[in-house]
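Below is one structure; the comments refer to it alone.
Read from first to last, the chains carry the letters A, B, C and D; within each, the first residue is number 1.
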Amino acid sequence: MTLLRGRGYASVNYPTGMNLGGDPSQALIHATTMGGFVISLSSVDLGQGLKTVVAQCAAETLGMPMANVIVDTADTDTGPHCMGTFASRGTHRIGNAVIMAAREARDVMLAVAAEELEADADDLETDGTGFVRLKGSPETKIHIQDVTLAAHFKQGRTISGRGIYLKERNYPVPETGEMDPDSCQAHACTVAEVEVDDETGVATVLSLHNAYEVGRALNPAMAAQQVEGGGWMGVSHAVFESTEPYYPASRDHGPVDFCEYLMPGPAEIPVQSSVILERPASNGPFGAKGIGEMTANAPIPAIANAIFDACGVRLTTMPFTPESILRGLDALRA
Amino acid sequence: MPRVNPIDTEYFKDERKAGDFTVIGTTVQRSDALGHVTGRTEFFEDRTFPDLAHVKIHRSAHHHARIDSVDCSEALKVPGVLRVITHRDVPSNWYVVLRLIGIEPNDEPVLAEDRVLYKGEPIVAVVADSEAAAIEGAARVRVGYTELPAVFDVEEALAPDAPVIKQAGTNYFVYEGHHARRLRFGDVERGFAQSDRIFEWRYSSAPIEHAPTETTGCIVVPQSSGRLLIHSNTQAAFFTLDNTALILDRPFTDLQVKGGTVGGGFGGKVDVMVEPLACIAATLTNRPVKFVYTREEEMQVSSPRAAERIYIKDGVTNDGRILARKVMLYVDAGAYSRHSPYGTTKACAHLPGPYTIPNVYADCHCVYTNRTPSSAMRGFGVTIADFALESQMDRIARALDLDPLQFRLRNAYRDGDLKAHRKVAEGTALIEVIQRAAALVGHELPDEYLALTSTTPRGEKA
Amino acid sequence: MKIVSLRVNGAGQAFIARPGTTLLLALREQLGLTGAKRGCAQGACGSCTVLLDGQPVVSCLVPAVTVDGAEIATIEGLADGQVLSDVQQAFLDGFATQCGFCTPGMIMSAEALLDRNPDPTRDEVNEAISGNVCRCTGYEPIVSAVLDAAARRRSRAGEGAKL
Amino acid sequence: MLTEVHVPEDVPAAVGLIVSGATVLGGGTSLMPALNDYGSPPTELVSLRRTGLSGITVTGSTVTIGATTTLSQIEHDSRLQILNPVVRSIASVPVRNLATVGGNLFVPQPYGDLAVALVALNARAVPAGGSGPAELPLERPALVTAVTFELPAPGVFKYVKAARRRWNSASLVTVAATIVELDGLVSGARVALGGVSDHIVRAAAVEEALLGRPLTEETVAAAARAGLGELSPADDAYASAWYRTRVFPVHLRRALLGR
């Protein structure tokens, strides 16, 4: 038995948002009596952390601590429209809508504070800890609880805001395919290292090294989760997954459960190392691009190319099963 | 402590604003994590109702068949079975996924009428007061079929002698009069003629399941107001509401969707497959109704990522400049459209990959076959294309004896380049991620390649 | 229909079970403990993992009437008031959750491992959680969190020994 | 549809229920998945959980494992080191805590690796109701109260399970064997195969090709060639029949020679 090692490369880009646009998301925000800010959405968190990242966008824009922000989402009676969580659009579209709503609310908040401080709203700033203060004279300040109490019970104003993000719908030209298919593009380059058992055709993915350009990593730990989990899915797609193992010739033997539907277990995960680059997108929330989908993409061809590098077998059909590799090795040895 | 990938701030220094954010760019604990680790996070199925009824489906046993008869009498005899639902009970028996984004025709019935186009297609829904009774009832529905010839291969489906499986008359989606979504840029034949070498290869994939740990499902609860409250794990609450209302032929304000916490989606919970039937069952029985896919349904009946077949023909100079790329791409939509026509357009938009190629020609076909309808999945339209494109890049580099990263850098798109779909590129960073990945693994690049940047215009006429 | 008595997280519970009522469905639908999830009902995803007499089992495959009198531990019983178990805290701190659906079962498998083996190797962690499917994280943060939890538990035990 | 689950307190009561048509439920790891999500004729189950059939005894070199002993109990029994890699190659911890030895005798291929090992160990099944111990694999279903076998000398028992994943994955090819060598030649061989047929294969042609020869690469390669005729694998979700046949010689060699 020989274990053959190889390295492969792939570089990709990925569009943010439904590629032809026309996919709006809205956000509403209002202040409670005691300085809370409720963000009302109908958007869905699939586990990527949408609720957390939109709270960050709101806190940053309002200039208030995270603890003051409440996200109330995914009820069509109470939340305004959102197209949905797909197409790497969540952070971009909803983040932008939340920022817009928070800006409007912030303007009212500063106006209310201005009246309480007997100052001009343009001269006020937030300190990030819950105070609105006079620029240049930080001792002249008012706590957000006092601002919202005043708004409710003294000034009779709603501290609230509305936000929407819409990229206008675009229609491809049928003859040429001319179209506007993205809001921005994120980028990735993956280097995969594999080991191939020349007797069984089993390919083990040893490592993935990635460079990702994501616009802005709004929450670095959650960006890392997308990179790492997506890298795993790429490995899974590359060497394991199919609902039709004998596609297209036969629909038989389709896996029906997690025994038959093969994916890497914890013992099959590669070592991953990644570096993030940031080229902020002009239309992204704080420059962020959508990266949830793309993280699974570059590993697949990188692994295919690494397998070729290891053993000279070119895999042109996904997934790269031990059988397909072994047949390739047999053909080379024939 | 969470692992955080280092951010290399040396790149795009001028465009990154100095770190004057307070919350953005910092690792904040996930707001849902405490609920996850304590088991308190509430998923749709974590709600219990004392009089909950259950929906299970009798599905097609054949890949392609005419339905001659449907006999539900044995199902109705199962103790606990409350109702059977056939297409006659569905007010508007068409899924309208694509109508909402302006694409017709609606080609997929909610419950099969006179034919089935894939094995596993829903024919009868059984409502019962226990899950076991619903399963048993669904198993006892008897359907008489006349089998019809089935098509499983995307290219065979397009052959002139292939059986036509779609009532619209073609086994492919028609894009404004064309048999494929077209991309035409420059003159690809002239590009090939100018090239030193031509490389043409074929790539393909099999369907892939989203395989979320939580299967697709919903609980519909009739409200005292007469409205229906839908607890769902949909990825798109209003998408679900709008589609369901159209199928029910009820005012949109009759429905309320609650969700937002999903046990994995990956694109598999975008299609509106369970809510309409659960709403009909709830209306007919006036009870809360749960319809949740079994694991087998999730794996074999819910829409997968489409299989694709991709032919790429490239014309390249000996020193590694790609002058022309022609792509024939076939998306296996399975039996019905769902989002595949849209995904095929997305695949077309992605071509020719992140490279500036002056002559590009592509026909991207959305093809129907007698298998489970495919639909959106993470990387929709792009994942398989990237596999093909980047395998192609590796093979050409090897054939020309070029460094694989230098070959990519040579062709990488940059700001100001006109892409094949005629949008001027901006915000590009392919060059930089390649340079950084090379550094990460100690892959040495010559100075002239290290000096490249995405913001420096390409010094040639594209 | 049979009456089944269990001790769940230390408290006595009784309920009426149909023949097809699995331990999972009894916990979820009759006792209101919805931390254990139904991901497959096939014993293959591990989302329903609970401890049965101290051992982790896939509760979807256990007819409730067969375990009358047993001791059951679920995710709901791990925290002591607001104080999380070491495994829970390590999952929280290590960003080892995304969608959260696999998390309760994953944590119960990890708790059982550490009860038996306070200083597991990475490979032993891999084996212990190989019946728990996670589709989001890529496992690495989970394995790291379990190793981190083991270290926290050992350090706590060491402090205890000094007292 | 599940209509009743009996939980008798002893074996005679269980036997009585089985005679009246009820189905035996061991750990449930093979049976319950089918009952949970699929329609079925009215089904009564007899759980053996309380019948007192759990436990491992080792007397001298004789091992007796009660039918309801779980795979985990074997895994953690220091006297059964020999079976440790076998049970750990099966499913996952929360499944092994339910799955029983008795149940493993009846699960369909490509599962049932413990049964493959027991065949190689020349284990006997002890049926309920007094008839004598029966050779494995059993020809027809029966209520088994225990399995018993003689512990082989160190190094005699060989086991390799090839699967798509390191843990928790079904067999592509399972090789279990007891190989006794005398004066450099194979003097006894008992080889059982899993994953390569719809039943456990007792590989007589492989055994014959090994007997009387030195245990070398050449001998094992010849034995593998001889054994090909005994394989009748099927395509499934894990691998094709072609692949299982193609790698059988590799895994036979890795099992018998350890390389």
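What we mean here is this: a contact is a pair of C-beta atoms (placed from the backbone, for glycine too) under 8 Å apart; a residue touches a chain by one contact, two chains touch by 3 or more.
Bear in mind that the values here come from a model prediction, so they are computed numbers and not experimental data.
Looking at B-D and A-C, the interface holding more C-beta pairs in contact is that of A-C.
Among the remaining chains, D is positioned farthest from subunit A, on the basis of C-alpha centroids. Subunit B and subunit D, compared by their mean Cα positions, are separated by 42 Å.
Our note on geometry: subunit C versus subunit D, Cα centroid distance of 29 Å, whole angstroms. With centres defined as mean CA coordinates, subunit B is found 17 Å away from subunit A. Counting partner chains per residue, subunit C has residues 20, 39-42, 44-45, 95, 97, 99-101, 126-127, 130, 133, 135-136, 140-141 touching two or more of them. Residue positions of subunit B touching 2 or more other chains, listed in rising order: 2-3, 29-30, 32, 132, 211, 261-266, 294-296. Residue positions of subunit A touching 2 or more other chains, listed in rising order: 46-47, 49, 221-222, 224, 228, 230, 233, 245, 254-255, 257-261, 263-267. Arrangement of the chains shown, judged by which pairs touch: all-to-all, with no pair of chains left without contact. Subunit D meets subunit A in the complex at residues 33, 162, 164-170, 235-240, 242-243, 246-247, 250, 254, 259. Across the complex, subunit C is touched by residues 1-5, 7, 25, 27-29, 32-33, 35-37, 45, 47, 49, 72, 88, 91-95, 97-98, 165-168 of subunit D.
Residue ranges of subunit C in contact with subunit A, taken from their complex: 39-40, 42, 44-45, 95, 97-101, 123, 125-127, 129-130, 133, 135-143. Taken together, the subunit A residues at the contact with subunit D in this complex read 1, 199-201, 240, 245-246, 252-255, 257, 259-262, 264-268, 321-323, 326, 330. Contact residues on subunit D toward subunit B in their complex (touch as defined above): 1-2, 37-40.
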